Amino acid sequence: MTIDTAVFDLSDAHTTAMHELYRHLHAHPELSMQETHTAAFILEKLTHLGLETFMCGGTGVVGILRNGDGPVVGYRADTDGLPMQEDTGLDYASTSTGTLADGTAVPVMHGCGHDTHITVGLTAAQLLTEHREAWAGTVVFIFQPGEEIGKGAEAMVEDGLWDKAPKPSIIYGQHVWPGLAGTVNISKGTAMAMADSWRVTVHGRQAHGSQPEQSIDPIVLGAHMVVRIQTIVSREVHPMKSAVVTIGTFHGGLKENIIPASAEFTLNVRTFDPEVRDRVLASLRRIISAEAAASGAPEPTIEEITSFPQCYNDPASTTDLMAVLGEVLGEDAVIEAPPVMGSEDFGLLAEAIGVPSVYWFFGGHAQDTLDAGTPPGNHSPFFAPVIEPTLTTGVRAAMTAVLSTVGTTA
Amino acid sequence: MTIDTAVFDLSDAHTTAMHELYRHLHAHPELSMQETHTAAFILEKLTHLGLETFMCGGTGVVGILRNGDGPVVGYRADTDGLPMQEDTGLDYASTSTGTLADGTAVPVMHGCGHDTHITVGLTAAQLLTEHREAWAGTVVFIFQPGEEIGKGAEAMVEDGLWDKAPKPSIIYGQHVWPGLAGTVNISKGTAMAMADSWRVTVHGRQAHGSQPEQSIDPIVLGAHMVVRIQTIVSREVHPMKSAVVTIGTFHGGLKENIIPASAEFTLNVRTFDPEVRDRVLASLRRIISAEAAASGAPEPTIEEITSFPQCYNDPASTTDLMAVLGEVLGEDAVIEAPPVMGSEDFGLLAEAIGVPSVYWFFGGHAQDTLDAGTPPGNHSPFFAPVIEPTLTTGVRAAMTAVLSTVGTTA
Amino acid sequence: MTIDTAVFDLSDAHTTAMHELYRHLHAHPELSMQETHTAAFILEKLTHLGLETFMCGGTGVVGILRNGDGPVVGYRADTDGLPMQEDTGLDYASTSTGTLADGTAVPVMHGCGHDTHITVGLTAAQLLTEHREAWAGTVVFIFQPGEEIGKGAEAMVEDGLWDKAPKPSIIYGQHVWPGLAGTVNISKGTAMAMADSWRVTVHGRQAHGSQPEQSIDPIVLGAHMVVRIQTIVSREVHPMKSAVVTIGTFHGGLKENIIPASAEFTLNVRTFDPEVRDRVLASLRRIISAEAAASGAPEPTIEEITSFPQCYNDPASTTDLMAVLGEVLGEDAVIEAPPVMGSEDFGLLAEAIGVPSVYWFFGGHAQDTLDAGTPPGNHSPFFAPVIEPTLTTGVRAAMTAVLSTVGTTA
Amino acid sequence: MTIDTAVFDLSDAHTTAMHELYRHLHAHPELSMQETHTAAFILEKLTHLGLETFMCGGTGVVGILRNGDGPVVGYRADTDGLPMQEDTGLDYASTSTGTLADGTAVPVMHGCGHDTHITVGLTAAQLLTEHREAWAGTVVFIFQPGEEIGKGAEAMVEDGLWDKAPKPSIIYGQHVWPGLAGTVNISKGTAMAMADSWRVTVHGRQAHGSQPEQSIDPIVLGAHMVVRIQTIVSREVHPMKSAVVTIGTFHGGLKENIIPASAEFTLNVRTFDPEVRDRVLASLRRIISAEAAASGAPEPTIEEITSFPQCYNDPASTTDLMAVLGEVLGEDAVIEAPPVMGSEDFGLLAEAIGVPSVYWFFGGHAQDTLDAGTPPGNHSPFFAPVIEPTLTTGVRAAMTAVLSTVGTTA
């Protein structure tokens, strides 16, 4: 298929408005699942463009752009910022603050670039309304909250997203990253890791440090769990498959001569293959429980902190999309890449209705930034994508994906 | 030897003054190495009794009672309170506060009964001045600060205690404990455990949780240290000797998906035998260092928190003392007991000049308190020794010990 | 009580016969539970002396010496040799061989000195028959097989020892050891450790070395068991009590690139206190089972190899015996000693009927052997007790013990 | 490039001779580095064909076929059998025996199919001599011994292979495997895993089981090594790269109550990436050494058992070869496959002179054998490749590879 690229050419006015939109969003980030103003802003823009809109999953916004008979396609942008202090020195840097669950006031930054995602999504919606002649069908724009904590996609699905919006035959999404602006990276098949985080509370029995026989020592027990858990990756995962189990925190005890009553650790599991994930999680539960039994301790408490689903690019759809992206952006600008260990809840939106999805990364750095070495990555206080050609590339990629499904009628 | 017990009979006036003294001290505890008012109070009393006095080791007070030619004997009482809220409901309960090293204001309590020790020491000094005819020689009273943190004895010795005071041929000391008031418990040989506490900082290398190969994981490393340290007691200590190694705290990491740069644990070692202690401490250093090497990590940092020396009762002197204590307090009131796992820095005072010492415990509870089960122990917010016969027994035991060395001339 | 030592004075003829007896026994050792010729020899001697005799527990021999009304006392000697090559160079060294359970032919040696025990027992029986006027009551001589493998006492009890023989009010026994000949060492209370040995088979699942995910790795699992078992002594046993858990063997695997189906280890537990023993054994079962569960492996197989019971000297009886032994052998020759970590099944004989028992060690080395350093110990191929005063002291001690219970009528 | 396949068409006489050759070789396997008769047989054949020949690396045979100016190409076949009892029931099954290093007599079988490799190599040599008009250059046939124990390639290189034979610009090799006869499987880049096997002797200090403090327990130490080694794969290898560390054997100790003086384990490492291999081996050395230090034990002894090098297919050469193989064998018969965890010393031959190499697998089973499930694999006592089209396909693949480098002149 060949896309008529005239359809998404941006006028100077378009570009000026898009940059202004971006700077506004960048300056006003909000925390996950608290994107109230952001959502109101998006809702107003979509309504103004004439889309059917509804709120969904709290601070999620859906815009439906109907344009006659034809395929239904989904496009998702995530909207939340991060609890971190921006340090970019930009004149449109964030001065927002937010409030964590525990009441702490924190600075907020669009440190993961979701502001570019919103900007691209809204601009694509505008172009599609302006060029209804070029395509036919329906586009469902999903502005999803709470991606950073893995809650937003689930919240929207549970709030009836696919009862209220028409079901697409495919869903697209993309993420800005520290690659070369103007290019996109895309994987066939698995695109990002599944990620599961747990909090484990190890229950022991307190005693004075000189009376170990009166205790069930939760630090010794927890240490044995940490050690034993290493065997999952070393002995239970196929050597040619990937899994990481990181125990990022371990905390127990107040004083060197008191054996405490409990200890707590948190862990994070990254896998690409659902079967590997299932085995790793099952083995974690088995080991944690059995090690407690080995100490004669009560069953530990396991709480799920987050669970990011698989992000899987339908291979055939990806091959097709790469071909048209190559035509639009240039062959060299479309790079097939291996999966990344990062995680996303994007995949859940398509998984919920059993349709394929494709997700890719668009670059956000100038060549000289990259040449200087160690460009600031996502979640860095210095993360500041160069505005162009980042945004225009994002818009062209989004339009290409959408139109590869619903157009061109020309 | 038979002691003329008339020498330390307390008149009603003595008793009334002693009780008043005790209540005053109980109401005004001070933190370790900050016993300024307590020291001034003691200094004033000793000076008033006519002893030579000097301050030593900061808030330590020494009183020298010279009484002609004869043996020199030492008697030590410790003077510090604890950072805890008293909950005894006594009308003379503490209302004092103190300030910790980090600036925190805390309530202070004589929760370990050192107020009884001061009271007994001052009363014995008074009796000895009043009965110079009954003995000959010199008594060195050592009112030692900072026992709770294992700093006071060392501070006094380093400040020239034994350069300034005559060197005794033996040093005595005693501690109130939750046994029956009127009795004393005493061990031949080892009386209390040596205790050594360390803080160990494990240095690793930080990385994202999905990039373990970029990290040196300090939690996995620390866990292996905890596990490996268990082999010291299980494989390196003679089965018929005692050693405890407790790792009371382990802290590392802020977030489940970040491998932290470091982790920290604290440990406490209890031993009775200096050879066992030396081996355990050497093995700890060896294991901590080698486990870091096994991870390719930098050498961990080991800081000593406290080190309580051996508290060893010279067997021959103890046998002699037990005989005369039996005569004075009654055979049944003098109980030979096994060593306890608790610790003291008393032993250092005698060790510094290579003379023997004897340390014992005098009961502080009434029979009915004991019968009621689980009487409040030292360091309990409810610890409140019954005033009598606790104090009188303490005085009689102190006098017996001192006079068994320097008198009676009668 | 004072014993008339004339009762057990040995004539030259006695001594000559005793030495010949000893040399004969030394030259003809037999393996545990195969002491056929030794038993026949003992039976013949006892029968000849006029004792009632019966075989018991296979190769055990019991001789009952009745001498009118009076107390019943038991005296036990064990009879088995060891599968080892004697290297003493004695002209009466063993040239015997035996056959192990697996059919292997092995040299046999009285490497633990049980030949002295038989000799002493038979000689005491003879003296008691010759001096019936000096005592009244009944002496039960128990010549027990299979001590080395912890099977003989149990076999005799299960074969009805105490149904067939009169029940003694106390049982005595003694063992030669590398102390000074002429002295005895004795403990009040616990005399020797309990010892329990197990064989643990760890069941995994075989796979090629490149396919760990297909396996349950029994070597990794077994290693975790070995490591985890260390926490029993380090964290579950009171610091002032004794326990040893040694894993003496670990065997698994045939080739470096095949993960084997199973591994096997054997362990040996030494404790003095039955409560400690119970906890250690229970913790071993708990850990072995839980670690298998942590690997998702089948329940391991635990087989008991041997179980040596407590050897406990009734304190009052021991105090009494020490007093009379002191009179007989000299005060300096009777040494109160701490318990030893070695083990014995002697205790079971008395435990079976709930009566007290006393067990002691009699020296087997000359002073110059001891002075030379590292005298050969029991189970050494060089173990050769000096014949005198070893045997005579053994006889005098045995007679003292027996007569302290049944005599002297004089 | 297009190959004139007429060049390697086999006449009936060729085929009959080839099958006879194969059956003879299959019936007469020899052990690794003991392939005396096999080598003599090959040498005779090559000499008869007119090749220059020499023995190399013991039982290796090299045949040089010079045919004017042109490229030099290498082709390698390995020649050794395995110490196993054949169970195929074939009328030409092996009845050979061999003698292991320790003197044990064992049955020998061509259980890995090296007989097909020799047959294919000799037949290709014959065809190339018969069709000198079709190509120009030099072919070096390398009949390598001792592949199964990873010794033969090294032996030949060290014996001056590349001093004596002209250096090829590329070397080819192939292996029969349980895929469909008539097809070949080939990987671009890494083709097979590197494999390193070590024997580790852990030195401790012997002591009686009740005296752990006298020992350095090599079983506890070895167990800690096994446990700690798990962290290499779990924490030191990039999650998207492959490594396996299997500890296939662990042996130590003779009796449950003796702590032994040493223990021994063997391990096998599989990796694909030389950097990963280097890190894993370095970490193994680091951990083994450091854990010994943690026990205060002497440095363990590490002996290399075998070391199989990387088997890396030059990507460009592989792409080229796949194209011509596709033309010769049919597109569907040439399958690009991921690398396998098995190992080979083939790569060393090319690595020694820095030239590219390509290695592939040719199928040995009929479709119905595959359909029946679990066809016998290499090293199975039932491994019996179907003679055709296995051998003819092997010859055509070998000829295609050689001619793709040196021909066709036509």
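Note that the chains are named A, B, C and D in the order they appear, and that numbering of residues resets to 1 at the start of each chain.
Operating definition for what follows: contacts are C-beta pairs under 8 Å (C-beta built on N, C-alpha and C of every residue); 3 or more make two chains touch, one makes a residue touch a chain.
Here the structure is a predicted model, which is why all the values come from computation and not from measurement.
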item: Separation of chain D from chain B in steps, with touching chains one step apart; value: 1
item: Pair with more cross-chain C-beta pairs in contact, given A-C and A-D; value: A-C
item: Copies chain C and chain D - rotation angle from C-alpha fit, nearest 5 degrees; value: 180
item: CA centroid of chain C to CA centroid of chain D, Å; value: 58
item: Interchain centroid distance [CA atoms averaged], chain A/chain B, Å; value: 58
item: Inter-centroid spacing, chain C versus chain A (mean Cα positions, whole Å); value: 71
item: Centre distance in Å when chain A and chain D are each reduced to the mean of their C-alpha atoms; value: 46
item: Touching two or more other chains - residues of chain C; value: 210-212, 217, 220, 224, 227, 230-231, 234-235, 239, 244, 270, 341
item: Touch list for chain A against partner chain B, complex; value: 193, 195, 197-199, 209-212, 217, 219-220, 222-224, 226-227, 230, 244, 246-260, 263, 265-268, 270, 305, 341-342
item: Complex interface listing, chain A residues touching chain D; value: 227, 230-235, 239-240, 242-245, 270, 338-339, 341
item: Residues of chain A touching chain C in the complex; value: 210-213, 215, 217, 220, 224, 227-228, 231, 234-239, 283, 286-287, 289-291, 293-296
